[in-house]
Each structure stands twice: as C-alpha cells, then as structure tokens.
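The next part holds the structures, each set out as structure tokens.
The two complexes that follow have subunit A in common; it is paired with subunit B in the first and with subunit C in the second.
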Partner chain A sequence: MQLRPILLFALQKLLRLGLLLLAVAVFTFVLLSLSPIDPVQAYIGADMMQISPEQRELIADRWGLDQPMIVRFGDWLGQLVQGNWGTSLVFNQPVEAVIATRFQASLQMLAIAWLLSGLLGLGLGILAGALAGSWCDRAIRLYAYTLASAPTFWVALLLLITFSVSLRMTPICCAAPPGVLAADVTIWQHLHHLVLPAITLSIIGIANITLHTRQKLIDVLHSDYVLFARAQGESLSGVIRHHGLRNIILPALTLQFASLSELFGGSVLVEQVFAYPGLGAATVQAALRSDVPLLVGIVFFSALFVYTGNTLADLAYPLIDPRIRLGGWRS
Partner chain B sequence: MTITVPALAPVQGRSNRRQQTLWGIALCTFLLLAIIVSPWIIGDSGLNPLLTQRNQPPSFAHPFGTDWLGRDMLSRSLHGMSLSLRVGLLAAAISALIGTGLGLAAGTLGGWVDAVITWIVDVFFSLPHLVLLILIAFAVGGGTQGVIIAVALTHWTSLARVIRAEVLQVTSSDYVHLSRRFGQSSLWISRHHMVPHVIPQLLVGLILLFPHAILHEAALSFIGIGLSPHIPAIGIILAESMRHLSTGYWWLGVLPGLLLLLSVKAFDWLGENVRALLDPKTSQG
Partner chain C sequence: MMNRRLRLSTLSFSAIFLGQVLVGCGSGQTESANVSEPAASPAQTGSAEQIVLTIGGESEDGYDPTLGWGRYGSPLFQSTLLKRDDNLDIANDLATAYTMSEDGLTWTVTIRDDAVFSDGEPLTAADVAYTFNKAAESGGLTDVTVLEEAVATDDTTVELRLKQPQSTFVNRLITLGIVPEHAHGPDYARNPIGSGPYQLVQWDEGQQLIVEANPNYYGEAPGIKRLVFLFVEEDGAFAAAKAGQSQVASVPPSLAVQNIDGMTLYDVTSVDNRGLMFPYEPATGRTTPNGAPIGNDVTADLAIRQAVNFAIDRQALVDGVLEGYGSPAYGPVSGLAWEEPKASIEDADPDKARAILAAGGWADGNGDGVLEKGDLKAEFTILYPASDSTRQALALSAAEMLKPIGIQANVEGKSWDEITPAMHSNVVVFGWGSHDQTEMYNLYHSQAAQGDFYNAGYYANSAIDTTLDLAMGAPSEAEAIAFWQTAQWDGNTGFTAQGDAAWAWLVNLDHTYFVSDCLDIGQPQVEPHGHGWPITANIAEWTWTCN
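This part shows the complex of A and B:
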C-alpha cells in the first residue's frame, strides 16, 4: 500500500534522469564534435611540432576519428555507460577519481554555504516581511537587491581583502597551510580555510530566498485568515509561527534546492578567488588546459548534482506537508 | 492638442510617480550610454604606463588610483566596462532574438514543436549555468567570440518560457476565441491581440537579460576563458588585481568591481522602471 507509490516515484525519477543524461550526452558530444578544437592537437599539446603527419594519422585512426559521427557517439556512450570516463590530462588520474576527491573538498563548503544561506535567508525574509515598511525591512531589501546583482567573484574579492589581507583573520588561499602534508592537517586548520569561501557563497545565496520569503509572508499576513486570527487576539509572532511558517517553508525549500545549480556555479568562481582546490577550480583548469575528458565528466556530474537537489526537494514535500503524496498518488 | 499641464504640477520639485519613473529611465540610460562611449571621450591617455606614478592610492588626480605600471585605473576600468557592456549587449540581443523566436514558435505552433522546445529549455536548466557557459565557450574555442556565443546560447531560456506562457494565455483567452468566431484571420489576431501583449514582456525581458549577460561575461573573463588578456575587459582587470591584493593595493579590485556593480544595477533599475511604465499592475507595488 505504502510501497507502491514510492517505487513508482523512484522508477519515474530514474527514467527522467536517464533521459536527461542522454540529452546532456548528445548535447556535449555535438558541441565538442563541431568545435574547432582538434582532438589530436589537444591531446598532444605543445609537442605537436615533433610528430609527423603519419603519426597523427595513426592516432586519429586508433581513436576512430575517421568514423562517422553517429558511430563515434555510440562508441563514446558505450564507454561512458561502462564507467570508463577517460583519464584527466591535467591531473593524470582517472576522471572519476579526480571528481571524487575534488568533490569531497567542495562538498563541505557547499553544505555549509547551503545551510547558512537557507537559514539566514529564511530568518531575514521573515523579519523583513513581518516588519514590512520599517527601516529594518528597507535595510534587508537594499542588502538583498544589491547582493542579487553583485558579481560573485567581486564579493569574494572584497571579503578576501577585508578578512584575509586587512584583518588577517583568515588564510589567503588554499585548503591547508603551506608546507603541511595533507594527512597532518588538523580539523581546525581545515575549517579555518573553509570558513571564508563558505560564508561568501552563503551571503550571495541569501538574496533570492530572502526576497521570496518576504513577499510570501506579506501575502500571508494580508490574508483573511490572518485578519481573523489577529481579531481573536493572536499576536504577530503567533500568527507567523502558526500561519506564516507553514505557508512559507514549502516554496522556500523548493527555492533552496533549486539554488543548488547557482551554488555550484558560484563555487567555481569562489574557489578560483580563494585558490581552494575543489571541483570548481578543477572545472576552470579543465577548460583552460583543454582537458576534455575531465570537463565532460564535470558536466555530467553537475547535471547529476542539480537533479539530485530537485529530487530531494520532491522527497521533502510529503514530510512537511502531509497532504502531498509522492507522484501525485492519492489514497 | 493643448493640455493645461501647469495646474497638475503645483508643487515645485515634486513630480508624480510617472515622471519619477521617466526620470529614472532617462538617468539609467544616460549613465549606461556614458559608460559605453567613455573610451572615445577620455581617449587612451590614461592607459600609458607611467612608472613614476606606480601604485598610487585613490586621489583627486586618479580617483580609482593607479596600478603597478602607473596606469590610471579609472580610465582602465571605463575602457574595460565599455567593452564588457558592448559584448554583453550584443550577446544579450542575440539571446533575446533566439528566446523570442523559440517562445513564439512554442506558443503558437504547439504540438511536438512545443514539446521539443520545452524539453530543450528543461535540459538547459538542469545544468549549472556557469558550467554550461564554460563548456560552450571552451567548445567554440574561447576568446571574444567564445564569450559572445556562450552567453547568447544560454540566456534565452527564461525569456522563451515567459513569452510562451504569455502567448498560451492570450491564445486561450475569451476575446481571442471571440475574434476567431468573428472570422478574423490568424495574422489579424496575432497583430491586434498577441503583439500588444507580448511586446512589453519582450522589452522588459530583454532589458533584464542584460545584467545577467554582463555578469556572466565578466565571470568568464575573470576565470580566464573569455576575452584575451590583451583586451582589458572588466573581468580581466579584476583577475589581474588578484595578484596584487595581498600587498594591500585594495583599490585595484574594489573600485572596478564597484563600477561593474553600478552598471548592473543601472540595468536592473532600467528594467524595473520600464516594467512599471508598461505594466500598470506592477507599478502600484
């Protein structure tokens, strides 16, 4: 009775994921095939002058570059499905290994930023909505609107200048102190290096959810049922707790899970500024140094990441609002 | 037509909201145009290295300070911002054309065309925007054209969605059904019922597309995939400043970024004001 809709939901989600990844695969393949970058040249790099045209032919033949596009796509997709994502040229490791280690470093930062921005955004949004029109509301709105149009990397630069250069409170780069082996890094040193990138990401992520929560709360406070509750003597905080939160939390959650895509993009820029060795920095290096296998791997991984976020949001709905059933199934 | 306006504006210095909106539009447009044409007005004089004037903090002579070669940061920033604005405008305009075309096609043709376009939009939304930008910019070979193509190809999705929704809404409205029953041709309906509704959405969508396009152009240049280092776009100026931050030359990063923020905000204000002017529903907010 309970199991069937969940299974159906999982099946449907997996099917959609498969279709999505297939679409991403077609898109990536067509894009990279049409691009003016010569794969042989990208592979050999600076030593291009040292190899003869015959050797070039040999490599092209070995890779099947003379095959028609559809055959190459089939071969490539087959390898991808079997888990062979190629070897990263920059890191000289299998792509899966690079993504796994890099994502572990990024994950902590992303998780802290995601939680902080969600909680702070919700809190500020409720504050601004409850005190709509006051100076407090104006200040929060000004902050949110400014942050919404501020370039991520510039905010990161500002924080770096303030806290690392002027106040010397946080380290200026990397994920560990220089000259310390990865195994010897203590958890405090680790957190110390993590805190500023994570805060940067979270204060940028706040803007959207704050403005949305504020608007939603104002809508709720202007409704008839709140008017009735107030007439019965319910205080403002009581109204927000009993009527506001329940209505706000669902859209806020959707927004917050949907923001994983923005968060991932933001981490690329923030890791670049703080020289933090995470997945975002690896993305930039892959693109700058023509590491096609790694770039393709990251594209797939980021699609998976965003999709997981949206699926988690779907799963969270029935927990918060019992009226919602998975997959629209109703008893 | 002669209208006696003075009776309506009795208090000097206070204008009504419509006038305020118009003033806002004029001010933003003027500011952005000023930034775009500034390189031709101030010339290249500030770009020459002047080693005696190295690393000066902001002063009256150099409001943005000077860099490690003694170049005036204000003129560098204005040159870079102008370039970034022009690249962003071009890319956003192409993107708006794609978005309008696909949105109209999805809304009016329906059926499998609609399904395919909606699906493409969904696929675009399923990848982080910046990753998509990096992938496209990389695949077309980077450089200025890489940035323009990447920005143009990735910003049309939300506009296409808005236009599709607008067209669908108008198509299913009673007055269009009535118009059809009266025997009006599809062309007549689209000209008299669709266009007036879609144009304001298109205009606002187009203007609100610019800030995103400019921010993404700056981000791509900042990480080094965009414009080449020889052309000082605003992202490149900010990326260069990174190397000199730890020595305490804060103005190299802070002030050009402020200019970028100001330009983006100007576009946002412009979009909001145009929306308030064209759409009376939101103007009361």
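This part shows the complex of A and C:
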C-alpha cells in the first residue's frame, strides 16, 4: 500500500477529531453551566433542611463549584490533557471508571443491535427493492414507515409489556438475575437479560436501512446496464447478485456506520425503560443532576465512538470499491 | 387498567406479527424478533438464609458514612454510637455512656471495647474521632459543621468539642456510622468496612446490593443471613412481590389497595408530611439575595392563614387523596416525642373560618363569591411540583375547600426550577419530615430565611426565635423537647394554626410495604421523609418465622 496517502489521511482525520472534540467540550460545558439545575441542590435533594449553608459550601468546594465557569473549564482541560477525566459527582468515582464499567454493559447490547439492524435492514431492503410494487414490498414499507415514525421508548414499552409482563418470557429489568453473585451468572442468563433491549434497539434501526437500500436497489434496477443484462437473459437474482449488491453495499455501509450515533442515542431511552445499567442510564442520571464531568466525559466518549465508526466506513470504501482511493490520490 | 394493558399488548403483538410475516415472505432471512427462550427464572422464595427487598434506596455515590450514607434507616455495614429504638427513644449502640459539659460545648462519649471491624481490627476511640473529624470537613450529606474537633483521650473515650452548643447534635451520634481510620480512603465508599451487622458481598450498580451477616458483629447475630436489595421502580417492586420474588416491597398507596397472597400490608405511620407554606410578609418590593420577590399581601394577613387552617378538612384529604393511607397533620413533627398535642385544632369548620375572616375585616362587597378587604382580593396561587401527583391532588382539593369560605386559590403545577424563585411570594405545597429537630428550627427561625428552602416564607416572630434558640442550646434532647413544644403552641403564641399559622399543614403520608407473612420485622418506627429505606432501621432484628 502507498504510505503517504494513508499518513495524510490519518493526519487529516486526527486534526478534525481534535477540533471536533474541542468544540464538543466547549458546547457541553457552557450549556451545562447555564442549565438551571444546581448540582448541589440536586445532590442534597430532600435533605435540604438538615444541610446548613456551611455544609453547602463544603459540598460546592469539594466539587470546585465555587469557581467561575472559565476557571473550571481551564482546570478541566488542563487535567484532561494529563489523562484525568475528572470525578463524577453522582457516582463519586473517576469518570473513566464509570464510563468503562457502564460501557461494558452497553457494548454487547449495542453490538447485537447493530449487527441485527444492519443484516435485517439490508435483507428486507433488497427484498422490497427487488419485488417493488408487490404486496411484499408494500408490507415491508408499511412496517418500515411505522417503525421509522415510532418513538424508541414507546416500542420499548410495548415489547416490555408483551414479553415481560404478559408472556413472562423475558425479565422485567436489569442485566442479571437478582440475588446471584456475579461469578455465578451464566452466559445464558446474561443473554436472556440482554435480548429484549437489543432487539428493541435493532427494530428501530432496521427501518432506516431498509428504506434506503430499497430505493438504491430500485435505482440500480432501472439503469441501462441492468436493462442490458436482462436483455441478455440474466435472471433477477443474478442481476441483484452481480450488479445490485455491489452498488448498494456502499450506501448501506455508510448508513450502517452512521447509524452508530442513532444507536447510541436510542440506548439512552431503551436502557431507561428496561432499567438496564449501561452508559445510557448513566447519561440520564448525569444530566438530571447536572454532573458536568461525567456528562462531558460521556459526550466526549460518544463523539469519539461515532467518529471512529465513520472513519472505519471511510477506510472500508477502498477495500470494497477499488475505484476509490484515500485522500484523492490517483495513480 | 386491565383494558388498557390488553389493548397495548394487542397493538404490540400486531407490530411484531407484522414483522414476522414480512420476514417470512422473503428468501433466506432468519427470524428476527423473539428468539428469546422461555424464562427459567428461579422463583425467589425467602428463607432465614436469604430474603429479597425491593425498597429502592440505592446510594449511587457509595456507602461512606462521612459522605452521608446511613442517614436514614440502617447503615448496614457500620454501627453508630447511639440509636433510636422502636419508640424513637435514644439508646446506646457503640457507646456505653455519654455526658455533656455544663456549657454544652464538650460531649464525652465512652464506647464498648469489644467492637471489631469486619476485617478483624478492633474499633477504638481513635476511629470515632477520625470519623467525626472527617465528616466535619468532607462535603457530603451529613452536616457536622458545628464540630470544632474530636479527640480520643484514651482507647474507649472520645471528646467531641463543638463550636457552639447544639442539642440536635445528638442526631449525628445516632446517624453517623463509624469508619475504620486504617481502611478509609477514596475507595472506601465502594468497599465499606465497618462494625455493623452486615458486610458487603456484591454491589451491581443500578441493579442490586447483596450483603451477608458480619460474623464479627458485637451484637446479636442478625436473623437473616443474606439480604438482596433490588433497585427497581415502584411498579417493578410490586411486580416482584406479586411474583413471589421479593419478601419486602415498598409500594405507593395506589397499589397498596391490592392483595398479594402470602404477604401482609404494613401501613407505617410517618412524619413524611405535606403542607401549604404561606409567605408571611406583605409584598414591599424586598427581594432575596438572588433577586426573587418576597412577600404576598393576602397571605400576610393572619386571618387568611388561620381561616385556611380551619376550613380545610384534613381527614377528607387523607381518605380522598391518600386512599386512607395517611393521617392529618397539624404541625411539622406529627407523632414524634416533641410534638405539642395541644397544637391540634378542630378543622373542617368553614363557619369558624368565615368568622375569623369577618373579624379580620374581609367581606364580599361585590357579590362575586370572593372576599375583599379594601382593594385587596382574597386570592393567591398555590404552586406544586408538576411531577408529583399527590401534591397536585392535595393542592386542588385544598383549593376546592377554600372556595366556600370566599378564598380564591389558583393552583399551578411547575418545575422546581420555576418554583424556587417564586416560593417566597406564593403559597407552595412542600413536604418535609425528619427525626432531626434541626428541620423545625430551619423552617421557622427568622435567621434561617436567606432566600432558600430554609424558612422560605420569611416567617419572623422574635418570641419564637428565642424559644427555638433555647431548644437548640439545651443540654440534652429531653430538656430541649419542652422548648420545641413551646415553639409550636404554648396557649398564647406558637407557629401552628392557633398562633401565627405560618403554614397550613395538611397530611402525613403513610409508608406502605408488602411484607412476607413469614417475616417478622418487629414494630416499625414512625418514619421520616423518604419511603423505602427507613424500614431497615431495625433490620438486624428481623427474623424468618417459617421453615
């Protein structure tokens, strides 16, 4: 492989990433500092009458909230450069530790949901595109439009009511059965608790990918080269295999990696409904209690996550389509 | 309820069914939805070995008493110097005796010499001193700022020196769990070591806490060996109890009316109260340090405040809003030893309310059903946090009860962020309730009003201030009680309805729990604000009575 374009590409990407993260940090910090939620008040909650003003000052001092916003941002940035993400106010733990444990719980759910929505979305999209206009296509479109316009938490609630409450097939909450030590949790119990949240997340993602794939396939099927192939006696399945798939795989891949951000956002809602203790649930708590270090940390982390996903998509293009070269390099 | 659930599940069924049909109509697509196997969830039945509790109460920032852990209920892992028994009387726990110096500034506590931490190290007076000093300087949820310093004079004696006398300091001796000096650090909150009845086995954050009996505990060994606290919402707690998976479940009153086989409903009285706070001053344009307006011309009139107190039918509120799970409240400390019984009034008396209003100069001159006094209309706004349906119902019902006596109360639900700047100039439905008398002091002392939740109505009566200060400076809780009662009502003055009527207290919420018939939880205390964890106060004494 040619080294120079790859280096150039990597440098460019890193520079953009740095600028993006800086912008994200500034925006999150400023927005949260302007939020009307007072973190000290949120921390004290119902104990207001037992906490004297002196104790309040101690709490504010422990978290550095007595400093003005600019000073706090400077301190935070300085620490971040040294690899210290700060301490979460809600969990009284280093932010990186909170994110690490929470993300481990979320990762499997996100991975299953991502794969399922990608594969099923692509499959349904091809089916609908190939049989455009048939009852099968209509049904798939109805399904996709319905789900595309359904809020995630609503779908999650419906599934919870059906499978956990009425049918009692899946657990109502949590990531492990109650009363069982972590060492004794089997992989099946683990999957059992994971399956419904993951399916909920993927159901939402399917619609988007299906509709895009379908449209792209229809475009391909109406092109001159497909007409030519059909004229030569190529069957529909042959056309799809030889011409369709190659042309729709690129947009599908882009969509698949772009859907990482939606997946991340969806997990916030899904974890809330299923009481699944992942990163999404931590995000909600951090926001409700104005936990600036944790929330900025999570936003940072999710920006990195999504950015990495999109970069992977960029890197995958030249592998799939040899006509594409990194950094506009031409031989 | 049932109908709605049915309809919802039918809807979701059709959505899933549709998905399956679609998947089925194509080529080699795998089945997507519901690949889950039928649940083989082990039915959790309790035993003396293990019970499951769904009472909420997770402490997200860990289990460090110097940061406030254990201020309600049992600290589980740690033990405290003193404790409150079933009648809320003070009893010794780690302490064997305590005395206070003449000036009330030095508390001398002797502790038992046989207590050991769960790691085997002995608990000494040095650990006690360390705990108090640490709590005084750490910004957590336990307020020990009055402490000057704590000094261990020998292995079993510790001196707590205060900046000023404070009779309520005894509540710190009751709630502050003692931590080991040798094992206390930033990691302690997640690895608590203490001399309490239980020790930590596993904490899955956001899900469950598993604890086991501490073999080194100096007291009688707990009746239940292993406790599993499941952190689920109230609906989840009810579902778990109904499925036989949970032996103690805290449920809202709306669910308490149902029956669960094999479980008894515990209807625990509490001081978890709700009441209407009145702005006490007229509006003169004065503002708080944050610029929020202070005062309300209508509620500044004593006749209005008293009339509201007499007109409201508190028992009707208990029956109607709380489904009977509650009791009328006439002051902020119902059911506690320092409540003044004579402060109670005969309420639900609109005629008396009308007489008070007439004597105060209020009359309906224009016949619109609302009284006036000069240019002033008997009208105010009651604010409540919009997310709290109980407070909403209380506010609306109270407003209905005031209409017949000619007071127009407009009810508005808002977020706390909106209520906070408006609470010094509008009536607000607040809820308090604590075993610590400091709360009463902060609700009614004029110096406490600094533009915050402390005395938000800017109530000010110098006679009451003096009495409250005397109570705070009294040498012991027993001697302070007389002053606390006097402040409520002494026959001439007081902050309750017959006196200044600074608030119209409405109801105390009962805390409702489903408890397994096989579990003996003794006699629960009158619980403070906060439904759930307080029931654990005597958890070490719980026993399993079935085989």
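As a working rule, the second predicted complex is superposed on the first by the 288 of 331 C-alpha atoms of A that agree within 3 Å, B and C clash if a C-alpha of one lies under 4 Å from a C-alpha of the other, contacts with A are read in each partner's own complex, and residues count from 1 in each chain.
The rule we apply is simple: a residue touches a chain if its C-beta (ideal position, glycine included) is under 8 Å from a C-beta of that chain, and two chains touch if they have at least 3 such contacts.
These numbers come from a predicted model, not from an experiment.
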item: Partner chain(s) touched by A:Gly309 [first = subunit B, second = subunit C, both, neither]; value: neither
item: Subunit B versus subunit C, judged by how many residues of subunit A each one touches; value: C
item: First (subunit B), second (subunit C), both or neither touched by A:Gly118; value: neither
item: Partner chain in contact with A:Val165 - subunit B first, subunit C second, else both or neither; value: both
item: Touched partner set for A:Gly244, first subunit B, second subunit C, both or neither; value: neither
item: First (subunit B), second (subunit C), both or neither touched by A:Pro293; value: neither
item: Contacts of A:Thr28 with subunit B and subunit C, given as first, second, both or neither; value: first
item: Partner chain in contact with A:Ile59 - subunit B first, subunit C second, else both or neither; value: second
item: First, second, both or neither for A:Gln93, with subunit B first and subunit C second; value: second
item: Touched partner set for A:Gly129, first subunit B, second subunit C, both or neither; value: neither
item: Where subunit A meets both subunit C and subunit B, residue numbers; value: 36-37, 146, 157-158, 161, 165-166, 172
item: Subunit B partner contacts - residues on subunit A that touch it in the complex; value: 20, 23-24, 27-28, 31-32, 34-37, 145-146, 149-154, 157-158, 160-161, 164-166, 172, 261-262, 264-266, 268-269, 272-273, 283-284, 287-288, 290, 295, 298-299, 302-303, 305-307
item: Sites on subunit A touched by subunit C in the complex; value: 36-37, 43-44, 46-55, 58-63, 90-93, 101, 116, 120, 123-124, 127, 136, 139-140, 142-143, 146-147, 155, 157-159, 161-163, 165-166, 168-179, 181-182, 188, 192, 195-196, 199, 202-203, 275, 277, 281, 285
item: Of all residues in subunit B, those that touch subunit A in their complex; value: 119, 122-123, 125-132, 134-141, 211, 215, 218-219, 222-225, 238, 241-242, 245-246, 248, 250, 253-254, 257, 260-261, 264-265, 268
item: Residues of subunit C that touch subunit A when the two form their complex; value: 5, 8-9, 11-13, 15-16, 18-19, 21-23, 25-27, 29, 32-39, 41-42, 44, 50, 52, 60-62, 64, 67-68, 71, 137-141, 143, 145, 189-190, 201-202, 204-208, 210, 228, 230, 232-233, 236, 239-240, 245, 417, 431-432, 434, 436, 438-439, 442-443, 450, 452-454, 529-530
